[in-house]
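Structure record follows, encoded as structure tokens.
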Amino acid sequence: MLEVINLSCVRGTRRLFTALNFAVNPGELIELRGANGSGKTSLLRILSGLATPAEGEVRWAGKNIRSLGEEYSGTVAYLAHQNGVKDELSALENLRIACGVAGNDLSKVDARAILAQVGLSRQQNLPARSLSAGQRRRLALARLLTSKATLWILDEVLTSLDDTAIRLSRQFIGGHLNKGGMAIIATHQELELSADRMQRIELSK
Amino acid sequence: MFGWLVWRDLILAWRRRADVLATVFFFVIVVSLFPLGIGPERETLRTIAPGVVWVAALLASMLSLGRIFGNDYQDGTLEQLLLTPQSTYLIVLGKILAHWLVSEVPLVIIAPLLGLQFGLSQNSLAIMVLSLLLGTPVLSLIGSIGAALTLGLRAANVLIALLVLPLYIPVLIFGTGAVQASVGGTSPQPYLLLLGATLVLSLVFAPWATSAALRISVE
Amino acid sequence: MSSQRINWYKYAAPANFYPLAGKMIPWFAVLTALLFIAGLYVGFFVAPTDFQQGESYRILFIHVPAAWMGMFLYVLMAVYAGIGWAFNARLASMMATAISTTGAIFTFISLVTGSLWGRPAWGVWWVWDARLTSTLILLFLYIGFISLQSSIDEPRRADRAGAVLALVGLINVPIIYFSVQWWNSLHQGATITAKSFKMAPSMLASMLILLAACWMYSIAVVLVRVRYIIREREREAPWLAEAVA
């Protein structure tokens, strides 16, 4: 489904990676590893369509994602370093507004159910400003759960999560893969996921 | 989706209403400084009033431009917005509409009060409000391009001024022209028509340029 | 004609353009010097004294070409920036950056000389005449472009952000010029304009020769600047070490 062809990325005068090739098919997981500054985030941003590569292309179902545009955005969920959480809004508002803006309206009841799933039931009406780093990450995870995307692109998904939340996110990712979804995950921690087909890509410095 | 986006920005502005009020007070203070600097003769004040109100509106709206995308850029919600399966043009248009409602409409509402201080007639005040209603959306539209280009840069606020103020000049000329014409007893209609034309033109082009600029800045 | 097609794509790569530009610079520099000497000679010794303005009108020989250059170069800069953005052509973006400084300098020169000409003609150093005002705004547009590019560290973003700004400016320039004309016609300011005196053929000749000189100068200087930009941006590229050595 997703093909990466001869991809290279340049930051300033520095070449982060060259001639990168791989493919992801339904049910597959890619674990992306590499030291700090090796270009993991840059690669994920290119894959999500936010950044353009210096050379090469990314194809979705055989077509360049540049030409697909918004059609591609609908199939991708990107969880970045930053959680994309608004401080002034409550957890519930954050979730419902994020979904509404993305075009899949979420009722209050459904939103509460999903917040309960990530363990934010008690905090649902607190402004996000008062949430801890881990709780904000959980909120970002909740947004991921509501998306209908088939391709999950996750940057350091496990950072600042506690043991329960880590177990939870493994469970979510596993469930997503079982349903035929795809995931590309940059991480420093062990994912300990038992996907049927898993590739590990190591970016060297 | 469009409704959700505008609604979101309105709630956010309401929860940070101090920022909005600061812009309005800035506008009021700048306008009030002119009689103090120039002297209280009614005739002089009446001739400079259109220019003073319009220049102050330009500066006040410019102060708020950084907020269109700045906060969203910092907390990562802007990326999420760009990754929604919606056209960037619509997203940008929604954000501009919200900015206009939050930062420009209060200026339009308060402008007649300031015009009274300068001894403008009722007719001129009405023309002033009309010209501001037509002109301020253009300020938001053109300003959004500058805001998108300077996202995340050092000294972004000063830079926005350099980029955007020269582009504001036609609006300033047509806007003040309309009010001056009405003060001088001639028809403000040609100016208002030109303002309207500028509005249409910038509605077509500006969101497009802003989308392109956002994609470049976010990368 | 078509039997000797030049491979333009080859020269669109900085590695090939760098030595080519190096070879072209001396030619344009010599042309600049010759044309300047010729133009100034015609301007000072051949062109007659104007019956209305005396000798002071001669400053127009540099003012008018500078003003034209300021405008031409803005358009050229926007076109190059646009090409660089649309086709991902790095060299075109570098050209735009190189042109911006030269364009701003010409615009500035035309403002200063305009004001020097205005002193005897109008009796004051500055009048808000339509032409001077729009030239001033053009200078602001250049300043915006240059400051935007210089405050972005990542060259790719600087190129593309500059392109958006230059193109937006290009769409706006006619509107700004029109609005300033309109504004000026209502606030009747200046009475004498550069147009109001009759030009002898030798005056026109001097102006055109100096315009050509300005073009040659711009090309030479832009090439020099592009070479600097290439050297800065490609400092890690192996070909550069060979080319410089």
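We call the chains A, B and C, going by the order they appear; numbering starts again at 1 in every chain.
Here is the rule we use: a contact is a pair of C-beta atoms (placed from the backbone, for glycine too) under 8 Å apart; a residue touches a chain by one contact, two chains touch by 3 or more.
The shown structure was predicted, so the numbers you read here are calculated from the model rather than taken from an experiment.
Colleague: What's the overlap between the neighbours of chain A and those of chain B?
Modeller: Output, common partners of chain A and chain B: C.
Colleague: Tally the contacting C-beta pairs at the A-C interface and at the B-C interface, and name the larger one.
Modeller: More C-beta contacts join the chains of B-C.
Colleague: Could you name the chain whose Cα mean is nearest to the mean of all protein Cα atoms here?
Modeller: Here the chain at the core of the arrangement is B.
Colleague: How far is the middle of chain A from the middle of chain B, if each middle is the mean of its Cα atoms, in Å?
Modeller: Those two chain centres are 37 Å apart.
Colleague: What whole-Å value do you get for the distance between chain A and chain C if each is reduced to the mean of its CA atoms?
Modeller: So the centre of chain A lies 48 Å away from the centre of chain C.
Colleague: Could you please state the distance in Å, as a whole number, between where the Cα atoms of chain B are centred and where those of chain C are centred?
Modeller: About 32 Å, centre to centre.
Colleague: Specify, in ascending order, the residues of chain B that touch 2 or more different other chains.
Modeller: 219, in rising order.
Colleague: Show me the residue ranges of chain C that touch chain B in the complex, using the header's touch definition.
Modeller: 137, 140-141, 143-144, 147-148, 151-152, 156-157, 160-161, 164-165, 167-169, 171-172, 175-176, 178-180, 182-183, 186
Colleague: Mind pulling up the chain B residues that touch chain A in the complex?
Modeller: Listed in rising order, the residues are 1, 3-5, 7-8, 11-12, 15-16, 75-77, 79-87, 218-219.
Colleague: Touching chain A in the complex: which residues of chain C?
Modeller: These residues of chain C touch chain A: 153-155, 233-236.
Colleague: Inside the complex, what are the residues of chain B that reach chain C?
Modeller: The touching residues are 145, 149-150, 153-155, 159, 162-163, 165-167, 169-170, 173-174, 177, 194, 198, 201, 205, 209, 212-213, 216-217, 219.
Colleague: Write out the stretch or stretches of chain A touching chain B in their complex.
Modeller: The touching residues are 45, 48-52, 70-71, 73-74, 76-78, 80-89, 93, 97-98, 100-103, 105, 143.
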